[in-house]
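Here is the structure we will look at, set down as structure tokens.
Chain IDs A, B and C follow the sequence of writing; residue 1 opens each chain.
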Amino acid sequence: MSLVELTDIHKSFGSVEVLKGISMTMEQGEIVAIIGRSGSGKSTLLRCINGLESVQSGRIQVAGIEATKPGADLNALRQRAGMVFQSYNLFPHLSVERNVMLALRLVQKMSVDEARELAHAMVAKVGLAEKLAAYPDELSGGQQQRVAIARSLAMQPTLMLFDEITSALDPELVGEVLKVLEGVAREGMTMMLVTHEMNFAKNVADRVIFMHEGRIHEDGPARETLLEPRTEELRSFLSAVLH
Amino acid sequence: MNYNFKFKALAPYTSEIIDGVILTLQLSAVTMLLGLAIGLAVAIASISPKSALRRPARIYVEAIRNTPLIVQLFIVFFGLPTLGIKLGANSAALIALSINLGAYSSEILRAGFESIRPSQIEAGRSLGLTAAQTFRHVVLFPAIKSIYPALASQFVLLMLTTSIVSSIGATELFGQAAFIDSRTYRSFEVYALITLSYLFLTLAFRSLFSAIYWLVFVRRSRA
Amino acid sequence: MIREFSLNDLVFMLEALRWTVGLAIIATIGGGALGIIVAVLRVVAFKPANWLAIGYINLVQGTPLLGQLFVFFFGLPLFGIQVDAWVAASLSLSIYASAFFGEIWRGSLQSVSQRQWEAGAALGLNYWQRLTHVVLPQALRISIAPTVGFLVQLVKNTSLAALIGFIELTRASQIITAATFAPLPVYTTAAALYFIICFSLSQFSQRLERRFHVTR
């Protein structure tokens, strides 16, 4: 059984079909970059995998949990599949330390000391040890995003989902977040990331999925797919984003 | 409970109720006009760079908003005559209500002024609109649109508030209730009926105001 | 016998002011408890509950408080409940407050972005944990200033209880006026007393507003 298995996923918002039959699998340790035009359904796909959206038909299995079964334990699934959003979504009323500790305490039932220790380690890992007591509104966008990554990593998920996590950042802050991502990748984390950073996809991802109009249009090894696109759609997409 | 509700006993007083409704509406409408006029003057004073204008405006607004209408009403109706200014109940009501509304509407209007952004005016002029066109389409229309909902709910609130002037013997709708009560001794029925009449007026005005909003602001911007 | 407006009268007014404040406190507590129910009924994912809450809010906000006061004052005895003016006043002011609190708190709850719910979900928090640890603490901060702001309305509106004979500040002023025929000084004094309470609350509310305006 693969870590992630999607079988013929269909998802509509009202009368608009956004995902038109997505099937794919993903193995432990893989790093998959999802690219595609705005509106092609990338975010929706990630949100379905994390159970934030329900699908009309198809089967979703993540880390041994069938998300599409009625009564599926979505909270358990989400503990195994961490997710980081474009807009950081830190909890504004909690300090950095407490942001990271919250789910450790509530979901993983750690003691305060255990949770604090882990939180400190994770925040240090993203290079923000000196910001533990700060509140989100005192941090730059890049710093907030790094905290969001630490918060998710602290849950020790089997899989991490990243949705355009650098798109809301000023250009000079993108680098620091990508560096953190590279570090996470090196440690062998299984990752699925939606990104517009083609160089990052080429260098860090094992595999690239190109989505087009709600379908997987190309799916292959990262360098090969990006350097030698097989379809006209991917070619024109790449020339549009690279120039 | 073995009380016999006798709403029928109120039937002979239909014309009093109608008179009351009419006076309530007149009072509300005239107060709205006077209150807005006062409010406009106060709002302009309160954004003026001169503190000689700003300060009295501020004091007026704070004094009115932090004291009950009924006390303001008593000062006008019972207090002013001791200074030689005698007023009938209905005119005292109109004055007190207008002064009261002036304070609240000045805050709404001020928010309307503040919603106007200079960059919008520049954008209008740079598109080749004349000063008058810019004022009408870029300044006035959006500003009115932004304060319209607040003004509409202020009007409904005002209409409900006019009931308070019955306490000095004004003969608007709630005053008529007291009169009918004194004739029929059917206090509960009278006040329940009158209170529900206000609900009817409220719903009618809310519908009217949203219809106007739709006609003036929504349909127009679609066309 | 006409007498002067004296220090004794002022003392009487200050004593009556305690009832103004007391009534406001009762209505805050009663209205607060009811208001929570209204807010919850307004937001739960169950249409009939939403309709019930909307109807209630419209009924309370669409009729004059004075009317509600009289309806309770004359209506409760018909159900065999003998009420003093203060009971009728407490009850109707509580109901009045509950509709406004309900709306203020619903607004605060809904102004916490959907993304905060999602961020909680993505960390595996269950619904209750998301509500109590993520959304409510933020909603509470947002609601403090408007809640205190509404208390100003409430304090002012306790004055209407005078019209059903409850002796709070306004009624006390009427009584003193009848004895002294000095309406101007009496009512101005009453206004000043109301002003002190309401202005302090307004200022406090604005301070809270500024303080909690930052997202934290």
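Here is the rule we use: a contact is a pair of C-beta atoms (placed from the backbone, for glycine too) under 8 Å apart; a residue touches a chain by one contact, two chains touch by 3 or more.
On a predicted model such as this, the values are computed, not experimentally measured, just so you know.
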Q) Closest chain to the protein CA centroid? A) C
Q | Highest-count interface - the chain pair sharing the most C-beta contacts | A | B-C
Q.
Using C-alpha centres only, name the chain that sits farthest from subunit C.
A. A
Q) Centre to centre, by mean C-alpha position, how many angstrom separate subunit A and subunit C? A) 47
Q. What is the distance in Å between the mean C-alpha positions of subunit A and subunit B?
A. 54
Q: Mind checking the centre-to-centre distance between subunit B and subunit C? Centres are C-alpha means, answer in whole Å.
A: 21
**Q.** Residues of subunit A defined as touching subunit C within the complex
**A.** 50-52, 74-76, 78-79, 82-83, 85, 87, 89-93, 102-103, 106-107, 135-137, 151-152, 155
Q. So in the complex, which bits of subunit C are touching subunit B?
A. 58-59, 62-68, 70-71, 74-75, 78-80, 152, 156-157, 159-160, 162-163, 170, 173-174, 177, 182-184, 187-188, 190-191, 194-195, 198-199, 202
Q: Name, in rising order, each residue of subunit B that touches subunit C in their complex.
A: 1, 3, 62-63, 65-72, 74-75, 78-80, 82-83, 156, 160-161, 163-164, 166-167, 174, 177, 187-188, 191-192, 194-196, 198-199, 202-203
Q.
Quick check: in the complex, which residue numbers of subunit C touch subunit A?
A. 115-116, 118-126, 129, 133-134, 137-138, 141, 214-216
